[in-house]
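You will see two complexes here that share chain A, one where it goes with chain B and one where it goes with chain C.
Our next item is the complex of A and B:
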């Protein structure tokens, strides 16, 4: 059992592809998290719940006969404004406080969102069918659902657009300036309040896209948000803050790692092994950091 | 000033104390037998919690309107105090305490799910309160020696072993190769134990044995293994998430397996959400409306389903049917005990031997119902894509013939 990967070599190819396709989607969520973490110093526990809310938008479009793939465009628009609203109501009051307060605040938002979604949409597990079919490779030994390929493609598209937007646009420059030094940016005339609101809105919009994709590829449920928060948190930790290409790499890396852990160690160790990796990376980081500090002394 | 404050708080404490004790109910008030139930009306079990509540309410109305419960020559009516346990075991246990010690309830109905029943059972046991539950199937509920717990449903380990036996039978009595994937929760792991037993009994081999995480939404890895190793049967249990995820990914990955057996298909509204992709899935069910059990209150499954639909606007899932059956069991026990003494009612419950529209009910010493087999239905769709669940096993109740092996995806 343990060495399925060697018994059936095609599993290796399958695991790599599955991991990458999954990882790209997670990286998109993590990307939003990294952005607002970097700019506002807020760890958003409600990240996963924003994702699920985006999923419900696509699901409702599907219910009303619109192809759920359009959710990829509609969900971020709605979620952008949801994000701005959350910012104006809660986040702007905690943005300059310490990390603990912002974690508590977003944790509260997360619980509120879960209950509201449960209240509004019910506790049933739902999904949107895209009807995209399947791609078969290598004599039918490797199968890739087209919905996953579509998700990965859209994720990459949005990530690339965002990177360009960050580099080229005025707002993008303002966001980067604020991330580097909020006070200095303020002195130089950047309206940081607006930048924060926009950042939170962009993050929510990214969650909306990811949510729509998740409703097409997996299932959604009001209480399924937390695993997405944790996953994106992990990706950001592994990549390190302010390292956006790193987020993409660590997203895919974790995806592939997880798939292999599944085949080699067994499904029950899948999540555990990812957490173990996280601990190892943190310990390694700390080790490296302490050496650096000593050197500086 | 300070003394005033102390007096004030003392008085208000007294007021609070009195107001709660005045509000408390006795077990039987006037002509009412008051039952208590903590139900998940909010939180992740809320859909099934509502199914449970609807089942209880339907039976209460029916029994009350058809003459009520006759004890000691007097007629009583059922009434239920509900509390919302928020799908949280700790809260459920607190509410059970509250129902018993504050509200004075002396007879309880079960909550939804094995986990919550597990949380409540020690409390009802401590106070010697008989509880008839309809939604906790985990085997561990029945091995703890509880004396006051009675479950109208078959235990979880019996959910899918019929499937394995059917597969062996169709294989000419020869052992089969089984792939299984179960969520890591009390219920699904009990289903797994049932499969392990069935495999041992039939000499079958388990070639894939995956444990899925609680936040399961992806089982592609398991399905890749299935695709490569080609088992004869694939068994999946992970509540509604598991059922929906399995069907979606099996269809997307075009996994061919001769038999696919699952739990929670009707709760997941499988055929509605997945349409033709769910075709041929075999599902374990406690009850199906086409079964021909009978009683005086609901007549039979078909009538129950029609009445339920009229009242609540949807086809009853088995969670509602078994909940209704719990009330029938209580009524029967009260009348046989001819008393409201908890011990006497408990003994009457233990001696239950009756048929309801939901099935025969007879409790083993552990409290589980041993007289009602599980049924397996298969999702069958017509060419227009309209799908229906048809009972295929056990043969006694079958309304359609099992389609086996499941046609390959390339031929569908």
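Our next item is the complex of A and C:
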């Protein structure tokens, strides 16, 4: 085995740290997915495209001379309304229908968004330069861009704020009640329609934050959405709905896995390995459950 | 009824045989239509009859495409050099070599995906509902990404399939591929029609309606699910092999494992026509293809936007499809016994 990873232990450290910082971002997106999945029973294939759209908002602020880090504030506000609009136009018609209908409908939205972004912003790979510099660790052997540390920090901040909000606020209580039993919540006077809209909006806002951070730390491209959807889906099924520490842990695990796949297999197989991992995880769970004569439902 | 059917089939076959000479300009479009119908029919075996909404049949289609072209080249020339040189410039197939390679390639393109479906079927078909849908979506994209990294089949730059040999007539290429795809279409239709008249279809429907109950009745559901998927894979592979030759160029994510186009088209066509019917996918694919080719030019550059809107509209407002709509309107024609008294009674209850 002449892989670089095994010859130079510092690369392992580098990959782990990169992966963890990346994984925090994935966990933030996955948190949004878990929220809407739990509350509305919808799997949103357009999740990744919402992320990319948020990224473009930050990128445009950068183009117009505003520091892209402010995108972390602006993107979620805009994306919240985008989310509400998508909900009003499409999602509210598929909420109580078959899950496949929602998958296909959001797949359509995903294609639509991809192409609209391609028209609006061009097909180039872009990134918003934050100018944060880098941090050197371990005798300059490990290089960490400060933007990655910044993005991980902001993600954690947003996640913590949201958890507190869900616990304390009236809307948060209503959302949790709807997730537990939509009918009972309706009887007790919760306007579930509004709750659904707010949930989808919050999910889109989270995607906006994550997208703004991704545009600072990595690159964005109109067609890069689907991998983010798949990653968040994977994180949610590994962690289970409503298990926040699990989401954080599996997000970081996925980040580390990706970095190692990148080093060992090569960058061209990076996305492929993510999708393959999804298949393997699902198949593994299927065999594990079938021993108890159960199945993934 | 039976006589009418016979007339219909004969009419379709005559139309199919005459079409390339009546509409010589549309030969390629007609061939693509045949391929699309094949894909829609095979998707319907899973999505319509069995209730397993797959995005993964594109895997077999792309596999067939790559295999057919690789065999066609690899039988006579070194594959690695072919892809490196960009294909046609260095090596030239004689007509005999081309047709031998094509025949052999199509056999491989049909058989290998069938085996693959059988191998992965046990693992994948144990998933249900949306887990199955997402898993197969992942499978298709993973296949595209991975094949895009393999050097011998052209990696990122794509793979040029052998050009059609010079056999005299200029029209020969279009006619050859048209009749090939039409033949595959007829084979697929007859095979599926034959299958649907047996107990096998009833078992698939039982799986769709309630899999646990079907299992409790003593049906080995897994066996039938895998067989169903293998049948789909067989015809998807064939369709892919022909499509590769027709397009003349294979790219991993844009032509072969094109989940964004072909992978969604087959789902959409089957839903548009009506899931779970024999004729639904055929009608759906025809309507879709005519719409696509007729109106795509108006949306030049905006096709995908139109496609996204179309998906959302069809899925939300038209989930039963054309056949479902017809069935609601003329239930007698579908062999449903309509009791007038019963119907009136239902109206009264409302």
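The rule we apply is simple: the second predicted complex is superposed on the first by the 253 of 297 C-alpha atoms of A that agree within 3 Å, B and C clash if a C-alpha of one lies under 4 Å from a C-alpha of the other, contacts with A are read in each partner's own complex, and residues count from 1 in each chain.
Just so we're on the same page, contacts are C-beta pairs under 8 Å (C-beta built on N, C-alpha and C of every residue); 3 or more make two chains touch, one makes a residue touch a chain.
Worth saying up front: this structure is predicted, and the values here are computed from it rather than measured.
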Worksheet item: In the superposed arrangement, does A:169 touch chain B (first), chain C (second), both or neither?
Response: neither
Worksheet item: Should A:115 be classified as contacting the first partner (chain B), the second (chain C), both, or neither?
Response: both
Worksheet item: Which partner does A:124 contact after superposing on A: first (chain B), second (chain C), both, neither?
Response: first
Item to complete: Mind working out whether A:221 is in touch with chain B, chain C, both or neither, as first, second, both or neither?
Response: first
Fill in: chain B versus chain C as contact partner of A:181, first or second or both or neither
neither
Discussion item. Touch test for A:135: chain B only (first), chain C only (second), both, or neither?
Written reply: neither
Item to complete: In the overlay, answer first, second, both or neither for which of chain B and chain C A:278 touches.
Response: second
Worksheet item: Which holds for A:15: it touches chain B only (first), chain C only (second), both, or neither?
Response: first
Practice prompt. Return the residues of chain A at which the contacts from chain B and from chain C coincide.
Written response: 115, 119, 226, 266, 268, 271
Worksheet item: chain A touches which residues of chain C in the complex?
Response: 53, 123-124, 126-131, 133-135, 137-139, 141-142, 144-146, 148-149, 155-156, 260, 264, 267, 271, 301-302, 304-305, 307-312, 315-316, 319
Discussion item. If we count contacts the way the header does, which residues on chain A are in touch with chain B in the complex?
Written reply: 1, 4, 7-8, 10-11, 14-15, 18, 22, 115, 118-119, 122-127, 129, 134, 136, 140-141, 143, 145, 147, 214, 218-219, 221-224, 226-227, 259, 262-263, 266-268, 270-271
Worksheet, complete the sentence: Per the touch rule above, chain A residues touching chain C in the complex are 43, 90, 93-94, 97, 99-101, 103-105, 107-116, 119, 226, 230, 233, 237, 266, 268-269, 271-272, 275-276, 278-279, 282-283, 286-287, 290, 295-297
Worksheet item: Which residues of chain B touch chain A in their complex?
Response: 42-47, 181, 184, 208, 210-213, 215, 217-218, 220-222, 224-225, 227-229, 240-241, 244-245, 248-249, 252-254, 268-269, 273-275
